[in-house]
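What follows is a single structure, and I will ask about it in a moment.
Letters are used for the chains, namely A, B, C, D, E and F, taken in the order the chains are written, and counting of residues starts over at 1 for each.
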Amino acid sequence: MPVKNQPLSGNTMPRFGGIASMMRLPVVSSAQGLNAAFIGVPLDTGTSHRPGARFGPRQIRAESCLLRPYNMATGAAPLDALQVADLGDVPINTYTLAKSLPIITDFYAQVLASDCIPLTLGGDHTITLPILRAVAARHGPLALVHVDAHADVNEDMFGESIARGTGYAADDFDWPRQQGFTVVPAHEVWYQSLAPLMERVRRHLGDTPCYLSFDIDGIDPAYAAGTGTPEIGGLTVPQALENVRGCRGLNIGGADLVEVSPPYDPSGNTALLGANLLFEMLCILPGVPIR
Amino acid sequence: MPVKNQPLSGNTMPRFGGIASMMRLPVVSSAQGLNAAFIGVPLDTGTSHRPGARFGPRQIRAESCLLRPYNMATGAAPLDALQVADLGDVPINTYTLAKSLPIITDFYAQVLASDCIPLTLGGDHTITLPILRAVAARHGPLALVHVDAHADVNEDMFGESIARGTGYAADDFDWPRQQGFTVVPAHEVWYQSLAPLMERVRRHLGDTPCYLSFDIDGIDPAYAAGTGTPEIGGLTVPQALENVRGCRGLNIGGADLVEVSPPYDPSGNTALLGANLLFEMLCILPGVPIR
Amino acid sequence: MPVKNQPLSGNTMPRFGGIASMMRLPVVSSAQGLNAAFIGVPLDTGTSHRPGARFGPRQIRAESCLLRPYNMATGAAPLDALQVADLGDVPINTYTLAKSLPIITDFYAQVLASDCIPLTLGGDHTITLPILRAVAARHGPLALVHVDAHADVNEDMFGESIARGTGYAADDFDWPRQQGFTVVPAHEVWYQSLAPLMERVRRHLGDTPCYLSFDIDGIDPAYAAGTGTPEIGGLTVPQALENVRGCRGLNIGGADLVEVSPPYDPSGNTALLGANLLFEMLCILPGVPIR
Amino acid sequence: MPVKNQPLSGNTMPRFGGIASMMRLPVVSSAQGLNAAFIGVPLDTGTSHRPGARFGPRQIRAESCLLRPYNMATGAAPLDALQVADLGDVPINTYTLAKSLPIITDFYAQVLASDCIPLTLGGDHTITLPILRAVAARHGPLALVHVDAHADVNEDMFGESIARGTGYAADDFDWPRQQGFTVVPAHEVWYQSLAPLMERVRRHLGDTPCYLSFDIDGIDPAYAAGTGTPEIGGLTVPQALENVRGCRGLNIGGADLVEVSPPYDPSGNTALLGANLLFEMLCILPGVPIR
Amino acid sequence: MPVKNQPLSGNTMPRFGGIASMMRLPVVSSAQGLNAAFIGVPLDTGTSHRPGARFGPRQIRAESCLLRPYNMATGAAPLDALQVADLGDVPINTYTLAKSLPIITDFYAQVLASDCIPLTLGGDHTITLPILRAVAARHGPLALVHVDAHADVNEDMFGESIARGTGYAADDFDWPRQQGFTVVPAHEVWYQSLAPLMERVRRHLGDTPCYLSFDIDGIDPAYAAGTGTPEIGGLTVPQALENVRGCRGLNIGGADLVEVSPPYDPSGNTALLGANLLFEMLCILPGVPIR
Amino acid sequence: MPVKNQPLSGNTMPRFGGIASMMRLPVVSSAQGLNAAFIGVPLDTGTSHRPGARFGPRQIRAESCLLRPYNMATGAAPLDALQVADLGDVPINTYTLAKSLPIITDFYAQVLASDCIPLTLGGDHTITLPILRAVAARHGPLALVHVDAHADVNEDMFGESIARGTGYAADDFDWPRQQGFTVVPAHEVWYQSLAPLMERVRRHLGDTPCYLSFDIDGIDPAYAAGTGTPEIGGLTVPQALENVRGCRGLNIGGADLVEVSPPYDPSGNTALLGANLLFEMLCILPGVPIR
């Protein structure tokens, strides 16, 4: 077995040095030969409140330099088995949201054509729609595992969703439920491990192709201050980790981590959290061994 | 039934636009015809440590623009039943604390004379005393539900109190207990839902007129960094929400949210938390329907 | 002569208290009877780099509470002679720049129809274009006094422009020059009073109707860190003040102050500078007396 | 019994005033006659990522002004029984880590020679090694209670350790285990009180001389943003308090709180947390009465 | 000649280490034997806008650790000739401004009784009044050299004042002028050295006992963001230095540097500027040699 | 003539997108074929006060995305004539300063062996010494143009130096003067253009090989807050630009920009200033045409 790409070692270059790529992996220009790739989508013109997520991919890459290749909590060793690289950013159109959507879909269609699983650094949550179009075109109807403070789901999908926040009417969550979503309000899982919920999700979804979309505002602002539309009372980081780790075994065709807005967290810690969650997504992809 | 005041819609004006009033409700100059009103008290000359709470009402109003009219977690729809508005700020005396107290009491006496329930945006915790004087003058002896990191209770009241922090002597909490307070130290409720505690509170207080005073430093600084005298080991936001939501059914004559100090949280998230808690207070007022 | 609107006095309400309107002037919903009005345009979807100017109007209003009605440096007393108010914000479309432009033009057309001079709180610099369309429709061909770090001028106008920054080619400033602009690179006026330049401007423009567009990034980032596309080596604040004060005597039909981006200056001082420049613009309008 | 040193009272001098010493205790130049002493070690040249811990002692002292002498949660009254003071900082060598180590060991050897228990304000975690050398020279083989996000243990010791984070290989924690450490990964104690774990620790260690080393990055970045190598998914503050409080009864010969990096938390709240944990360490020293 | 107090050397203790005293000079409790002393007055209850100056003395001391004993620009070597120390803070009353004033006057009366010149670390500008009362009681009628953005002068004094800012009426500066003040508006000295002005001041004042009161808001917010009532268009730092240095030769009986508000400049640079200006004040005291 | 490397266009990829390289130029691993190269040296273990310059290269690269290829002020078009790229960072040793020096010297020796002029992104000022060793080994005795707040010059060189700050004795600047340096204290050039000074420098140095070392703390903290040892009263940015631009015509063999410390300026503006100064250095290299 050929040696896979590895992060630039801290002995070769201090972690605060070198060009900032995701996990210090090589930056490549094609998905050929890759099993999975990190892709940035620096778009925030779909943000309804505090903008800034356009700088999300850049800061997530910078903070990802602290990541090491082995998951001490789960035993996953993704870079032993998968060929992974950083594919850079999608060249979106800054001024016109409508023009950016097909640019994104086309970019992902090419990546998927190489049998490479895309892991996306957002960008605001709008970007999930054009990505899903590409993934659905490749894999057919998809289940969606969706973590978000808000009920902004898209189109003809079914799946699981965690959400919370004030709303406009009692039936705000009814439309997603009618589309086939199971909606779990955050306050129903306060103080609890999400492991049982994720077991139900795995039983429910089986080997249906699915996509994991994680809006960092699903996590409480105490942990993730740097986001565009913060809502109080959100998930804790242990719950967020259980959510992603609980997706191990699902037939994941892609995943994203969206809504990191660097201007609202100068410490960089929200981006560091985002980088960790993207690594956890890599760890649960099909084919990743557990040591 | 005439249509009640509603927040300026995000479709009529983007949330980051328009004059910043509490919940984007109309600003009015009289409590006549109101069932409840938001009132700011921009006073911080009673602060013992980090000042800045004078800017609390202004920033709570700015961040409250994210609030929507319906409570997705509890089903409360307060603006369907109550006429609510923003009454602006009390014109306190910046330089002399003693002169501000009667100004505040007089302002609230007028509001209460219109049968309007005051919901106060602080300001430091000193302001609760002159407000309570007005409420007690209107309703007679009051029970106090009090959340605070410190034991700073006032005068001839009884009630429930959550507190913590280092102290000067073993008997720091004895005086409030002698006044009839039940004091619950924060460390006794770590990791736990506060729902059972609040059930006890409701049984204990019955339909006694009561007042809810919530010092945001009762919540852990991880969630509420922007406050004047932070103490470690405080409530989580889920506990804070359960505390307020658990007051539903009490005979609430007024409530306040104090000690938001904007200079210590440039992200605005502490004020956003304060705005949400004030909305939750509105949701548990007598007469608010649950959908 | 009827008494004109005056700022809410600091004796009536402390400066940090009360609803935040521009200069603590009344908020009104119609330009009827006004000689001049402050208007916010909370749009930043035209920003090419750091977004956030959508929060500019809100923070400029908040910081403007420090302004007093009399200009100690120039002797101008604008509120003695003009009826001025805050007209709130234009309800722009957050997601589609193209839809916002006619909304803005229409709003300003109505204001101008009342013979009210608009003073605009931006928002990014895109907003000047639809405002100019309304002003030109009212007054005919306009001269433009334009301060900016960049050469982004619009359409069929002539005027004066201060600019600087790196560029794409030697002829970056040629197009504006061909349109009739006199371009003054910032480095040509370092260390110097701008009073002589402004005298030339006044001689050159005479009583041509003109518009003053001031991009706060024309000022050095040392003074105005909170902006979207900072450029080093800009004007000092004394130069900026001389620029605006030097427009006294021109036939000003409108003015704007754009590109204040609050997330990049948590101190609020960039917005405070913007608020002061808007007050200086008010002070040089036709009809303002000098005491 | 002679009266012990007490913190400068808030009535004698406001808490924000006066020279900033630890807990507002006297600053002394010798450990003679002291039972315990606070000592700063302003060294961060061993930091692998974000530097700044050199300012840790200064900011911990500044924020410690909020501490009061009595522990409301545990009843401990350490300053009634122990003579405690602030011994200032160790004059480390800023440029050469290797030269600083013997300077630190020598300083602590002198303190220990006076039978004074050192409580250390770090500084990065490197400083624990030279301190342990001095403590082990005094007390013989030591058990180590170690809280840390990382597995960086030292030398020939055994003990208990809480850790987490990504790693380089599946056996990252094996070496400390081979040295006799019990390693408790953080994710095994999520949502749980640490009281049962600490009871096991007390049974296991008995009256063995031991040392408590607490790296503030063992706590989640939500509570402790200001640190050099943050890791997600860490302890909550209640767990951290239970950890320290659970050491009551152990034969503690010294303790440290390391890795507070002030530039990464301008609010000062991470340093405030560090100051509180140092006070809790004082509260569990042998001989401290419980009221 | 006995050796005078010297700052703790950076070789003895790194600059970021050790207890933070002004210029790392000894902290003493009596003015006996001192020629000059630094004194903190941590009061900000007289602040009309952004509070926080109560933390001014503490942060000025912390940042003063960068100061060295010799003035490279002027050649002054104050610590060769004067015995100087840090006298700590005046224990003001936090809650009642009126009670603080006599406390301050009494404290300074004692210092002056030892023939020690007080150099004050503010605190808000209110503190100058009670200090002046003590100085005038000692020295008789005083001239005041006053730098400030605002016209807030006190009582029966004459002197020189630099000021600016918007005002309430054309005659805002008339009252101080009637008291004998020469008022120099800041915009009259833009772009210019203040050396000529200070020469006029020296000629005008001769050897009259005088006092230098420097409000850091006299300097432009670009240099001094951390202050309570910032005004645009202020002095540059070179002008501020020329102002203080130009007081050499005056019969200075005391000086203060007020209105540093740390929460509004987390970088500490405003406090660093304040510390430098206090050192420059020390350098122009009678008896300081020039090398 | 083959086309030279050009920055990634903002049309190809928005400026906030893509991997962050200096000026968005290609990242290469060898100096072969390059006329000039940007090199980062992420070392800050030589910092005496506030650390953080290790993150300087990363943030300078991120902010350099705003640079355009043409210098509007001077007409220089460096990328038309020179082949330029980003060579990444030197893999320094984080823990031992002494080990880093030869690593740096060796790295630069290789770059210089390709006749490539190094332009360095610091890192603290220590790095200039090992770079100069490599440049002097290549070019023989060097003149040094040195801008700094402090007098920290090295070894057997002569040249020009701008400096300021407090010192330890009257002769602090004598040693550099004895080595042949002309020292210009900053206060001697306040309010003035540096063009005349630079003309003298050019006459003095003629075509002697020389090196330009620019410590960003030579610029006033108003413009460059993010640095390790700020000193008040420094150069303005216009003066800094004149300094670099005035080196055009000198026989420059290398240049550096050091001491950008990102944690002390979260806005990124200090790094943006550093990026601009590095571009200006590129613009004055031998062979760069003026359009």
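Throughout what follows, contacts are C-beta pairs under 8 Å (C-beta built on N, C-alpha and C of every residue); 3 or more make two chains touch, one makes a residue touch a chain.
Just so it is clear, the structure is predicted and the values come from calculations on it, not from any experiment.
K.L.:
Give me the set of chains touching subunit C intersected with the set touching subunit E.
P.N.:
In this structure, the chains that contact subunit E and also subunit C are B, F.
K.L.:
Rounding to the nearest 5 degrees, give the angle of the rotation that lays the CA atoms of subunit D over those of subunit E.
P.N.:
180
K.L.:
Interface overlap for subunit D and subunit F, more than half of numbers shared or less than half: same or different?
P.N.:
Mostly the same residues form this interface, as more than half of the numbers used are common to both chains.
K.L.:
In terms of C-beta pairs in contact, which of C-F and B-E ranks higher?
P.N.:
Per the contact counts, C-F leads.
K.L.:
Select the interface copy of B-C from among D-E, A-D or C-E: the correct pair shares over half of its contact pairs, counted by residue number.
P.N.:
Selected from D-E, A-D or C-E as the counterpart of B-C: D-E.
K.L.:
Which whole number of Å gives the spacing of the CA centres of subunit E and subunit F?
P.N.:
The mean C-alpha positions of subunit E and subunit F differ by 37 Å.
K.L.:
When the C-alpha atoms of subunit A and subunit C are each averaged to a single point, how far apart are the two points in Å?
P.N.:
41
K.L.:
Take the average of all CA coordinates in subunit C, do the same for subunit D, and state the distance between these two points in whole angstrom.
P.N.:
Averaging C-alpha atoms per chain gives centres 55 Å apart.
K.L.:
Using the touch definition from the top, which residues of subunit F touch two or more other chains?
P.N.:
14, 16, 48, 50, 54-55, 94, 191, 220, 222, 264
K.L.:
Where do chains touch, given as pairs?
P.N.:
Applying the touch criterion to every chain pair yields A-B, A-C, A-D, A-F, B-C, B-D, B-E, C-E, C-F, D-E, D-F, E-F.
K.L.:
Going by the contact rule at the top, pick out the subunit E residues touching subunit F in the complex.
P.N.:
10, 14-16, 66-73, 75, 77, 191-193, 220, 222-223, 237-238, 241, 267, 269, 272-273, 276, 279, 291
K.L.:
Can you name the residues of subunit A that touch subunit C in the complex?
P.N.:
Residues in contact with subunit C: 44-46, 48, 50-52, 54-55, 94-98, 263-264.
K.L.:
What does subunit A use to touch subunit F in their complex?
P.N.:
Per the stated touch rule, the residues are 12-14, 16-21, 27, 40, 42, 54-55, 57-58, 61-62, 86, 88-92, 94, 266.
K.L.:
Name, in rising order, each residue of subunit B that touches subunit D in their complex.
P.N.:
Spelled out, the residues of subunit B in touch with subunit D are 48-50, 164-170, 172-173, 185, 187, 190-191, 220-222, 225-226, 229-233, 264-265.
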